[in-house]
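Two complexes, one shared chain (chain A), two partners (chain B, chain C).
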Partner chain A sequence: MTTRPNSSSSTHSLHSSRGYHLQQKMAPYLFISPFLLLFAVFGVWPIVKSLVLSMYATSGPKDSVFVGTQNYRYLLADADFHTAVKNTVVFAFWSVVLQLPLALGLAMLLSRRWVRGRNLFRLAVFSPYLVGQVFVGVLFSVLFIPQYGLLNQGLHATVGLPLDTKWLADPALVMPALVLTALWLYTGLHMIYLLAALQAVERELYEAAQVDGANATQQFWAVTVPAIRPTLIYVLIMSTIGSFQLFELPYIMLNNTPGPNNSGLTIVMYLYQTGFVTGDLGYASAVGWTLALGVLLISLVQLRLTGAWKAREA
Partner chain B sequence: MKPNRLTVFARGVTYVTLCLMAALTLTPLLWLLAAAFKGQNELFHYVFFPPPGLLTVVNFQELWEAMPFGRYMLNSVFVASTTVVVQLFFGSLAGFALAKYEFKGKRLFMVLMLATLMIPGQVTMAPLYELIYRLGLMDSFPGLIVPQAVSVFGIFLFRQYLLQVPDELMHAARIDGCSEFRIYWDIMMPISRPMVGAFCLTSFMATWNSFLWPQIILHHSGRFTLPVALNQLVGQYQQEYGTLMAGTLLSILPVLILFLLLQREFVEGLTAGAVKG
Partner chain C sequence: MRSFRFPFGAAAGCILALAVLAGAWLAQHPIERQKSTLTLWTFAPTHYEAYKEAVPSFEKANPGVKVDLQLVSGPAVTSRLQAAFWSDLDVPDLVEVPIDFAGTFFRGRLENVGFADLTERIEQAGLMQRMVSSRFSPYMSRGRIFGLPHDVHPVMMAYRRDIFEKEGIDADSIKTWDDFIRVGRKLTVPGKRYMLELFDTRDAHLASCLFQRGGGYFTPEGECILDNEISVQTMLWYVPLVAGKDKISNNLGAGQVLTKAVEDGYFVCLLAPDWRTKTFETTIPRVAGKMALMPLPAVEPDGRRTSTWGGTMLGITKSSPDQDLAWKFALHLYLDQQELGERFRGTNIMPALRSAWDQPAFHEPRPYWNQQPIGAMFAKLAPQVPFQYTSPFITTAKAKLGEALVACVQYYNASGDKGFEAFTRARLKKSADELRTLIRRNPY
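Take a look at the complex of A and B:
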């Protein structure tokens, strides 16, 4: 195909030019086909199959019985699943409520034009995101230990919290410990997105607002928020979806257990336990689809609420 | 305009806040670095670094006695790099086709891809496990790599980027007799260099840190990747904090170094999808 079609020469060039047009027409199909094949087998088919599988009771990958909607009905009455949902929702709520305002505040400080060393600050705050969840889990499980752990030492020295606070052994403290770890891990990531959006806001908008006599608070609501709204919504939805998939942090920090009184049991951890420890892939699929529907519903509600907010701003 | 007293004060507060947040964020990482080089007696005796004479590599020796850690690092490097290369090739090629050609089923394909993005990955865990089992790929590197070979995020990233490339460039190349694949390879790929760098880094990091899927399909300890190995280490050496920290430090170092080398492209890659919409 690399021969140059040459209009001045004979039959050979005619032939190659026909081939040339053919390869041009076929090219997109050829380019897309390897992707499409893998996507169909490992992307689409498992989604369809998991919906089917969620209607089977299984034991390992070889043994299964059709049970209809029984898995879903069991889930409704499953106390452990209820605990997992409750924990996950509590975690997601506090994660989003703490991470987003903090990230926005930091991004606004960093977006000030006169700030020097912006890249260094950004790098520092963002750096935890580079550390995978498993490694964060191992590190923080040591930072959280009673007596000698850095967190207890620090909190004892600054606010006088008792040194023997058992963050990962006290059911009431497991969730705060996880929320705190996630705060450390993800605030910088959100900040990167918000900072990029803030830096793209046109300065003229602020100047116009100043001419109109708007103070800092009014500028924030009238200029900043509408301008970065798409990014805010994106970060809100992505962080919610991410929080609902919490698994590695509690699984590692609680030493592969759901924690005292199931206080660290999350939906994905329950999926993993039922599907890959107990071996009921059908039930695990039902857990997965319940998670997917829940996340979809919450994303739609968030879109709706933030959309309504926009209408009021405009 | 000279800054007045109030703005000087506001600037001071801004810098103090930023420094405080940066310090709070870096403290755990600094502690990790120090802990990896402290012996058992020094670990909690000195909050961070002991006097230089007391620094030791004994934790790393113990780590290598506990498990073939070098092997696990090589496993992780192999799996992450292979996944990146495969994702990059399939993703950029398909992204190019979506950006620059009209063909039947294009819209349907894009809608389907967006739809799968809405569904959390854990939903497909069970059928994928079945599939990998049937294909005889349990406990193997292909079992890790093949299901991750296509990145829907990647294809959209490249499509987005290549949409901006003027069509005239392709016409000119065709007049010169360039084949369509050569247009992709010799023109589109060099143009998307910044995107290639960004994508490789995000994708490498995601694979490097991935735990749930490797944990599910790897049973034979010789094939462990670092996250799976670290989890194993926590189970066996729960109280050996120094050893654990040495392992953690070595596990996060490659990604940290890659990031420092390619910081700007990395940040661009992360925000490319979000800010441009």
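Take a look at the complex of A and C:
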């Protein structure tokens, strides 16, 4: 008795094979579909919606009038927006200029094997970041109190600063107070990144440099900086972006106000005020888009200036 | 029989099955709606505590009604309410809004304002006559009233009675601001003691002085008047009090620093609206008996001896399913004279209902204030409380006045009287013009 191949079995096998291939093709899409769906609903749609909204004068979602590019044109003449941009740029500049070198210095110090208790110091320097902006804001508000605050008492005793110096009520002192607070808050975070990068630098490079007669400064510029450059660029860009998104610190420290003479008004604060206090979501969207484009532009300039693209091409 | 196999493995099949089961269960067991029939948000802890006392009697008088009182933080109440209005979700039936933000809710077309128009109800109940009429003005827009005034908030002058007595100063002899400044020059010791606590960077105290002179931020029609003659003259008068070599005022901030400053005698006098007298009682208890109140000095002899600072409106939202019941509760909170008397004991806040001021609570001597019957003193001044008008741009107007103040203070500190008037006029005009430009953008 001869056996004939079972036609139904072969068809089943063919179907299974086709089904298998279909499954193979579909599986990745199926697995990423939850993310894509969520991203489309909560990411892409709000972005598109806010772009459309920026072309409207609104009072909440019920009242809206199409105004075209008027919101963007008004931004160019809006004195408060100019103040917000100026304050944010000043804050970003001083944050980067002060935080990065200090973080690098601390990272280099605390990566030295001869520093006793360096793990404790690392934790101590990093810990302000753990408690968050709101807590730090409240803490520094108390430190900056005139007449009775710790900072004024200390500065009065050491350098004779008037006791009633109003750090958070004098337009000239608000920004230094914010920069100082941010310095305390973020230096530890940057230090951790740089510490990790420093620990990854190969010892042999330093040994080779020493053999070539390089002193400590030359080793720093010729070995350390090139080796940690990707991390430095990352920290620089993230620090800049973070500075441009500044909101919580001035909001808490200035008691929900932009400070005297708008001296603590940042772009995100202005966006919040315009959108959620005044109720003009359209104008707030225009502010948001301008901020996003500005940050993108600055990041591109930074990448260009630091040569990050060249490194990648190489 | 062929067994079914989920194409992407057992784990993915289990996750899918769990998701379907969970979804089905949730669909079968929807979250129960809150059982309360009325929800009220308030931002002031003192109001919250007082209303807790008033709720049981309302619930007893209205069987089946359950009131849910919610204390929402001051800064959050406006943004949370704004978001609730926009999304039409979790909107309370009644909500108390600070006076400084009330106007921001009146933006847009009248039919889209989230608060119910209470004009007819107020007229029918005769509340314009029974309450202090000037207190409705901050809650009006385009001739319609959207809120009931919680309070009057007349301003008096709180002072350290012991320091006055030690320095031989008779508070009764201070009738006008000129008298006050004269005494201030005598009492002020720069860096150590100041006659008065006045803000030099925020608009609040300056605004009270503006109101006392009949000025303000807006006309009843919502037009900006930040640069009118009253504003200019008030600024010219105010700035030398807080800036320059001869200043008699300073400010250090609120909270513990103010407590310490008053205890130390750093500030001799403080502007004291009714609500702030309770703040002093609770946060600066050590000066109990050493403090006293006097009417605000007048701008001119026989002029107005008070002003106003702060306020709260109670609004009913359009989303409330039973606005009649909400109105009934609002009247229960704001018109029950006995409750208002009790509430005054706990908050020192003068209710807008005139007839309530006859309650015994308003005539009791207060030990903290050297046995003064502060309720009766505030009640005497309450009818003089000036009008103030609002606009959807009120927060910007306040910020612009604050900016002008800072600029004038800086100028005066640097240059003194020289060219100060011209600078003040120009700076106020700049602030007003910026605000007018913003208002012109409003398409509604």
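The definition used in the following text is that the second predicted complex is superposed on the first by the 279 of 314 C-alpha atoms of A that agree within 3 Å, B and C clash if a C-alpha of one lies under 4 Å from a C-alpha of the other, contacts with A are read in each partner's own complex, and residues count from 1 in each chain.
Everything below uses one rule, namely that contacts are C-beta pairs under 8 Å (C-beta built on N, C-alpha and C of every residue); 3 or more make two chains touch, one makes a residue touch a chain.
Nothing here was measured: the structure is a model prediction, and the numbers come from that model.
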| item | value |
| --- | --- |
| Contacts of A:Phe244 with chain B and chain C, given as first, second, both or neither | first |
| Touching partner for A:Asn256 - first (chain B), second (chain C), both, neither | both |
| Contacts of A:Ala57 with chain B and chain C, given as first, second, both or neither | second |
| First (chain B), second (chain C), both or neither touched by A:Pro146 | second |
| Partner contacting more residues of chain A (chain B vs chain C) | B |
| Which of chain B and chain C A:Gln210 touches, first, second, both or neither | neither |
| Which of chain B and chain C A:Val67 touches, first, second, both or neither | second |
| First (chain B), second (chain C), both or neither touched by A:Gln218 | neither |
| Chain B versus chain C as contact partner of A:Gly288, first or second or both or neither | first |
| Residues of chain A at both interfaces, chain B in one complex, chain C in the other | 23, 27, 61, 148, 256, 276 |
| Of chain C, residues touching chain A in the complex | 7-8, 75, 78-79, 82-83, 85-86, 101, 104-105, 107-109, 112, 191, 200-202, 250-253, 256-257, 260-261, 266, 392-393, 395-396, 399, 402-403, 406-407, 410, 434, 437, 441-444 |
| Contacting residues of chain A [partner chain B, same complex] | 1-5, 20, 23-24, 27-29, 31-32, 34-36, 38-39, 41-47, 49-50, 53, 61, 106, 109-110, 112, 114-115, 119-128, 130-135, 138-143, 148, 150, 153, 184, 188-189, 192-193, 196-197, 200, 230-231, 234-235, 241, 244-245, 247-248, 252, 255-256, 268, 271-272, 275-276, 281-282, 284-285, 288-289, 291-292, 295-296, 299 |
| Chain C-touching residues of chain A, taken from the complex the two chains share | 19, 23, 27, 30, 57, 59-63, 65, 67, 70, 74, 77, 79-80, 145-149, 162-164, 166, 168-171, 256-258, 260-262, 273, 276-280 |
| Chain A-facing residues of chain B, complex | 11, 14-15, 17-18, 21-22, 25-29, 31-32, 35, 43-44, 47, 90-91, 93-94, 96-98, 101-103, 109, 112-113, 116, 118-131, 133-134, 146-147, 149-150, 152, 155, 174, 176-177, 179-182, 184, 205, 208-212, 216, 227, 230-231, 233-235, 238, 241, 244-245, 247-248, 251-252, 255-256, 259, 263, 267, 270-271, 274-275, 277 |
